[in-house]
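A, B, C, D, E and F label the chains in the order they appear, each numbered from 1.
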Amino acid sequence: MATVKLWTDEEVSAAPRIQAVFDDIRSTRKSDFVNNFWRALANQPALLERTWASIKEVMVAPGTLDPLTKELIYIAVSTINSCSYCIHSHTAAARAKGLTDDQHAELLAVIGMASETNALSNALQVPVDPEFLAK
Amino acid sequence: MATVKLWTDEEVSAAPRIQAVFDDIRSTRKSDFVNNFWRALANQPALLERTWASIKEVMVAPGTLDPLTKELIYIAVSTINSCSYCIHSHTAAARAKGLTDDQHAELLAVIGMASETNALSNALQVPVDPEFLAK
Amino acid sequence: MATVKLWTDEEVSAAPRIQAVFDDIRSTRKSDFVNNFWRALANQPALLERTWASIKEVMVAPGTLDPLTKELIYIAVSTINSCSYCIHSHTAAARAKGLTDDQHAELLAVIGMASETNALSNALQVPVDPEFLAK
Amino acid sequence: MATVKLWTDEEVSAAPRIQAVFDDIRSTRKSDFVNNFWRALANQPALLERTWASIKEVMVAPGTLDPLTKELIYIAVSTINSCSYCIHSHTAAARAKGLTDDQHAELLAVIGMASETNALSNALQVPVDPEFLAK
Amino acid sequence: MATVKLWTDEEVSAAPRIQAVFDDIRSTRKSDFVNNFWRALANQPALLERTWASIKEVMVAPGTLDPLTKELIYIAVSTINSCSYCIHSHTAAARAKGLTDDQHAELLAVIGMASETNALSNALQVPVDPEFLAK
Amino acid sequence: MATVKLWTDEEVSAAPRIQAVFDDIRSTRKSDFVNNFWRALANQPALLERTWASIKEVMVAPGTLDPLTKELIYIAVSTINSCSYCIHSHTAAARAKGLTDDQHAELLAVIGMASETNALSNALQVPVDPEFLAK
């Protein structure tokens, strides 16, 4: 289904530059599983390296937002961008990080509500209140 | 700029159905300020009532996601939907709820990263791994 | 503000190919007013001609959908595509064709509702019921 | 395929809050068929209730726009939001409400035309004509 | 899966207006293969004719952008619009026109990068520098 | 207008980490002009550094796509994402790299055409031809 081939572990093992990224994915995540997104990006080694480095910095490195909150934001963006793969993978990731059914329900409610008021605001072309501008 | 007129407090005061919603907005938020979104929606009383009731249920009523997290999700959705008004109003709302500069920076990083990998996944048409499907 | 210059009537009068389209816009619409969209497209004569020919065929020629219904669909698409110019111009066009405040309110309610359920369906990745497939 | 489980009639029968919504869907639509969207939303009872109440108010209750016109708007929004499920379900709903092949063809033409001019207007960043602003 | 039926060659042969377009597609592309997009559009003869005429003028007729560059732009637009069919068909078309793996990798990198900075610019609501305005 | 403050050269000069990025932007582009996007990102030093490093790698470093082609792809993505700032800045960048009026007209025609057929394909839910799948 993909527009490029998906690299198998055997093919990766013959390409040291790609193997290095896959090794880091496995050790960072403490799991042997490498999902299809990385197997597709393996066709573009430079992009694979840069994307994984960014994901590690943004999603894995400790910061002021906790890992689950980041996944909720990721799901929200993926939903509006209509990225079926990303919705599936980040919903699974959120669950692995402890997302409860109640939290999932609230996430959906906020995404739905925001989509509705976004459409209303755009259709009405509501002018920004001066109170909202950054000082 | 709006495609409809924005209702002033004086005009609202002559329309009891709208006044009731504005009163509830003010008492719920403990603030006299009613932003333009509601002044535009005042042209559609039924939609105004339903939208405010939903916002109260989704964004104000206590739940399992804290109010700031909900604002972060709202900003993420509004950004991808390119709703200028909503980005401004919910960024201001998030700040009022305690958003720090560091959290804002991380939110932006996650939104940007998700947008990038959404585009890559869609361009590559990556098939969903069976591991991600709901059991 | 535009990324190209907007052609004035005087400039158009010196360019017969563009003038011909502007003349047809004016006679078709029975109005001397030519809006900025066409003044921007005047930089691309072939695109100007093709776009106006399509608009005439789709929006002006009689068919099975009445002109106001077509404007409602146009507003809906423009809202979701976040095209500020198009939302303004087609809301004005709909009003000129008789859009009432009540109809506008219902249009907004449907656009908002659809946006909400679109987001929910995508976030939930709901599989299509076999009953909905074309026979 | 869904990111949540789809509730069967048997599971629903053991959950009175969900059963009540399903009963109302069936009696409102005068049909025993309950489509997957509601079976997925059943995981979030509060969201299920609120969404169905809104759909009833917006899409079922009589108003100034006829039911078929509302479905056309719904299809237009769903198409631009790239919601595969919603495109299928509302195209089927429109057909059940009498959509003819000619009307479908015109709907598609308007959606396509609007998408094209939306892109052109955005790429050209055409400034809004003062004539289009709400008085 | 489609919301309309896909016309077979046999059905097309009984409809001269559609057959004429299919004949022109085949002779223009010097290939007997007619892809599903046109078999779906065959339900709307006027739209089929207009769409094919536009595609020929925009994508086939010689101009100042080479055919492969146009396909790259087409893939970029289709990716952001989340059109699975179009991503598949235009990636295949780009390959048939000589797209190399390195070019594909760079295309993906630009699409991903642009998506990220688009999201950042929108989230930050960055004001346009006067230097960027058209003179 | 921005949701964050825009850093002036004077403020930047007091922040060595940000100054280093601004210096590199100026020397890479051989211009003293630093546009507002970077002045807004200056509030998030880590994001500023990572974004500029990626832009340099993707847009500035030599590759198999020429710099003007990359700008055309960037404009296409920005148009569909409805990023007003990015449309302005990358149209200006494309002009600085030699974009002619005829090329701009063709770019617009392809973006418009793709948007139209994306909408039609999505509305019709056209199934992908097996011929288009990657081998």
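Heads up, the rule we're going with is that contacts are C-beta pairs under 8 Å (C-beta built on N, C-alpha and C of every residue); 3 or more make two chains touch, one makes a residue touch a chain.
Since this is a predicted model, take the numbers as computed values, not measurements.
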Neighbouring chains common to chain C and chain F, by label: A, B, D, E
Remotest chain, chain B as reference, centres from CA atoms: E
Separation of chain C from chain D, taking each centre as the mean of its C-alpha atoms, in whole Å: 21
Length of the line joining the C-alpha centres of chain D and chain E, rounded to whole Å: 27
Per-residue multi-chain contacts in chain B, two or more chains: 1-4, 46-47, 50-51, 54, 57, 77, 79-84, 87-88, 91, 107-109, 111-120, 122-125, 133-134
Residue ranges of chain B in contact with chain A within the complex: 1-4, 6, 33, 35-37, 40-41, 47, 51, 54-55, 57-59, 63-65, 69-70, 72-74, 76-86, 88-89, 91-92, 100, 102-103, 106-107, 109-111, 113-129, 131-134
Chain C partner contacts - residues on chain F that touch it in the complex: 82, 87-88, 91, 101, 104-105, 108-109, 112, 119
Contacting residues of chain F [partner chain A, same complex]: 1-5, 46, 50, 54, 57, 128, 133-135
Interface residues, chain D side, partner chain A - complex: 3-4, 43-44, 46-47, 50-51, 77, 81-83
Complex interface listing, chain D residues touching chain F: 75, 79-80, 82, 84, 87-88, 91, 107-108, 111-120, 122-125
